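Each of the two complexes below includes subunit A, the first together with subunit B, the second together with subunit C.
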Partner chain A sequence: MSEITPTTFRPASEDSPAFRIALTVTVLAVLVLLLFAPLIAVFYEALRKGWVEAVTSLAEPEALAAIRLTLTVAAIAVPLNAIFGVAAAWFITKYDFRGKAFLITLIDLPFSVSPVAVGLCVVLTFGANTWIGASLVEAGYPIVFALPGIVLATMIVTFPFVARELIPVMIEQGRAEEEAALTLGASGWRTFLTVTLPNIRWALLYGVLLCNARAMGEFGAVAVVSGKIRGQTATMPITIEMLYNEYMSVAAFALAAVLAFLAFLTLGLKTFLEIRHADALAASRRH
Partner chain B sequence: MRRPLIHRSPIPGLGISAGITLTLLSLVVLLPIGALLLNGALAGPDRLWTEVNTPRIWASLWLSFRLSFLAAAFNLVFGVALAWVLGRYRFPGRRLIDAAVDLPFALPTAVAGIALTALYAPNGAFGALARDLGFKIAYTQTGIFIALIFVGLPFVVRTVQPVIDEIEREVEEASATLGATRLHTIRHVILPMLAPAALTGFALALARAVGEYGSVIFIAGNLPMQTEIAPLLIVIKLEEFNYEGATAIGIAMLVISFVMLFVINGVQVWSRRRIGYV
Partner chain C sequence: MHIEIDEISKSFGTTAALTPVSLAIPSGALVALLGPSGSGKTTLLRILGGLEFPTSGRVIFDGVDATGLSVQDRRAGFVFQSYALFRHMTVFDNIAYGLNARPRASRPTRAEISRRVTKLLELIQLPDIGARYPSQLSGGQRQRVALARALAIEPRMLLLDEPFGALDAKVRKELRQGLRDIHDTTGLTTVFVTHDQDEAMELADLVVVMSGSTTGGKIEQIGKPQDIRAKPATPFVKEFISACDFV
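The block that comes next holds the complex of A and B.
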């Protein structure tokens, strides 16, 4: 038994089997307790009284209005942030100017501010007690407790997503291809559409995906600016809170299950992008 | 000679890209955050201080920052372990686990909040177990701690993973050849290499946890002086139309966050210098 068989040989850069098994089991146990169990709980609670009850609760006018509002907000906020992201990435990576690092810091700023503080900022800027807000209300365009405020709060919270994904990818790709296209006589727009856009499309899609997931689920900032008016300014997450606080557990979890399903879809697409287009995304993931 | 503000470039689109960037940045980020700071400046430091300087607000700030720090510390250790398991070991379902790590980014916080509460409340699956063992999780600070771990879970894993992929096996082999035990290699060779990235993840998780609202308020119980987080107090002040109070707490949170991130940044620079790359 004293001879060393090849199966017992272990490279110096590998952990012992006992250590490996212990670490894997511990880590997986924590993931089950914190990640997988809550996910299962959402669907379990939603279907507690059967499919019929869950689906009926989703057909309530209040739930439908919430779904419509959330889709509307995302449909406005996400494209605007995508346009900003592309413009900012172009500006930052195609030109040399002073204060670039500072500009990037400002773009990232919303990530270090609490969503509730973001909501507070919107109220302090456009609330009915400020002069901008008061004059807008007078003109018939209230911002706070209305759609524009919800869109703005969502935009602030999700502001850096697209730019953050695009900037490293565009730095990696450099300017040579665009310069070649321009030398050959292509117009600026043509260069952007036929040279730049195909190069950054996967990173752009990735950024939009993350931005959209956060936009649809944003709670803290929207809770402050929406006023939580039923059927009017209550987004899906806000409606979930209201239903939950009224002990309408099945209805709350049914709506939550819809959002959880969307989260699944997001993760699936994200993983697909990462596997299929790893090269195009590599620059941004190095951060 | 002074560098020009902007170098000439043959690439077109400067006007439109700079225009969109600066306009949206000003409207969406600078104007609202400026309004918060302006409101603070108009109220004056004395007024802000009297608003913040109440036992209830100190208790909430202390609670928020203390639990966020503990949760981020947990995620620092756990994140490095998980990244190591995902990067070095091969087992069935590894891909799935890797994808699932991002769940807290994709799942809306309110959904996470009610799901964690359903599980950890005294009548929930895990909560009942804890109750039989004689302690309570939901509606206590432990519940808040668990919610904050959940929201910060992916950060350290995602910052550390690429570094683990890039570690050359030869380094570990060299260490072993020189007589180091595996434990010694991990402590003195691998962990120092992971430290800067892990600290970046720690800082991100901390910043996220401090501001977190949606996943916490359901599980917290929200008792003043005991389980009331700072962002909730902003909401309460706003509901009372006390804009100065809300502004004061908002600015206090910003200041404390920036000081903490500044310190972490310093530690990071130090740990990076220590292992030799800038």
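The block that comes next holds the complex of A and C.
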């Protein structure tokens, strides 16, 4: 039998220094390789031939149209999804009804279905060869290969974000505060505005920011419904892909850099609000 | 206000919470609904407050049928089990909530609201905590703020769900007296739910002993504390009371 000679003692709950270093290095390596390196590559490629060329490529009418379209789609889809998400979360958490679990699964569906399939569904439902689509085209409001279709596809793909952020928060908070407001004479609407909304505002903000980031970056569903008409229905991700396929790498990467920048802006806003309202954030979690 | 509960029953889906129960509460009484969990006492309290509607039966306030009256129109001061204070509002705003929620025509002026809140803070003997948030208060302070918030709407009755449930033994004893004092000052008909027979016997004028079963909660005995102690009406009451005595 070999003799066991303890050298140094450390608490059982603490990992060995070697293990900790190995873990840190692995995480950092993965982060650099998968997140930072590609981002730097995008900006590097965009600026490879200098600022002038990059900015000139962005000033092309095609690129400008793509930026405008993406911002328009996000500006319509995100507020609508915020409203629907709050309504869905409210309905699911404040009422008891049969089929609740099924409804929650249904809300998650866009996460598990491929965006391309979502796009196809929109085409199959609202395309010009369907009854609804044909009558809408006749009335002068085409859905597919136009803005409404892009907005619709984006909304379906990004629908779960707000509701999923809100549901756990609202379940945890329960109904007692709302019930208290009602017994104090507040109407349902007043209760929502003065009690529910302030209690969920952080979760709602997170949901909206995530929804926004995803809405601006959506590719698959939009690729199917938009018809990729240059300068008309091509969003930023679609335009980037088209430019890249045509070996216009500076233009493609410049536009990709703008898209990445918009995502940074979203993240930055989130972090800024977190720091600015750290106290309120902590207070609303503890009680 | 005189409260009459006439053959009230309640079921949630297929589960029965209350078998038909009847009970008359005289105006100004301090009543305890006493029973183990599952005896339907909280359900009965929530029906009185308008937070649940009975499956059958009627609720009568001062001779007027109030069964279908909305929760807002009942004007019942309700104190919730975990107090349900609005966590994002100061104590002052919590207490003022009911007054601010009134329609413009009957809403007091800002100065009047401030005066009333100050007065309520004095009544609960916490005059200096108006600017604090609920998370900065102790359990006992929260309970008293919840009481003040319920009283602010000038309620017709006071309903309390396990008002001392979340407190330690010492604070519990102090606040019992506090509730008795507030009841005596305001003269409000007060109903509170408890599973602690000491609390019920010491505090209430009238104790309603309830029991639960698969067919729903029911009332075993209604009486003054000393009468229930002296003459338990059913084996359940006898066992429930003596079981608690030895703890």
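For the reader, a short list of remarks on this structure follows.
What we mean here is this: the second predicted complex is superposed on the first by the 258 of 287 C-alpha atoms of A that agree within 3 Å, B and C clash if a C-alpha of one lies under 4 Å from a C-alpha of the other, contacts with A are read in each partner's own complex, and residues count from 1 in each chain.
Throughout what follows, a contact is a pair of C-beta atoms (placed from the backbone, for glycine too) under 8 Å apart; a residue touches a chain by one contact, two chains touch by 3 or more.
Just so we're clear, the structure is a prediction, and the values are computed from it rather than from any experiment.
In the superposition on chain A, A:Thr26 contacts subunit B only, with no contact to subunit C. When the two structures are aligned on the shared chain, A:Pro110 is found in touch with subunit B, with no touch to subunit C. In the superposition on chain A, contact of A:Glu179 is made with both subunit B and subunit C.
By the touch criterion defined above, A:Val195 reaches subunit C but does not reach subunit B.
Put subunit B and subunit C next to each other and count what each touches on subunit A; the higher total goes to B.
According to the touch criterion, the shared surface of subunit A, contacted by subunit B in one complex and subunit C in the other, consists of residues 179, 182, 187, 286-287. Subunit A meets subunit C in the complex at residues 176-177, 179-187, 190, 194-195, 198-199, 280, 283-284, 286-287. Residues 3-7, 9-14, 16-21, 24-25, 28-33, 35-36, 39, 78, 81-82, 84-85, 88-89, 91, 95, 97, 99-112, 114-116, 118-119, 124-126, 146, 149-150, 153, 159, 162, 169, 172-173, 175-177, 182, 185, 204, 207, 210-214, 218, 230-232, 234-235, 238, 243, 246-247, 250, 253-254, 257-258, 261 of subunit B touch subunit A in their complex. Put simply, subunit A touches subunit B in their complex at residues 11-16, 19-20, 23-24, 26-28, 30-31, 33-39, 41-42, 45, 80, 83-84, 87-88, 90-92, 94-98, 103, 106-107, 109-118, 120-125, 127, 129-130, 152, 155-156, 159, 175, 178-179, 182, 187-188, 191-192, 210, 213-214, 216-220, 223-224, 236-238, 240-241, 244, 252-253, 256, 259-260, 263-264, 266-268, 270-271, 285-287. If you check the complex, the residues on subunit C that touch subunit A are 49-51, 71-72, 74-78, 80-82, 84-88, 97-98, 101-102, 133-135, 149-150, 152-153.
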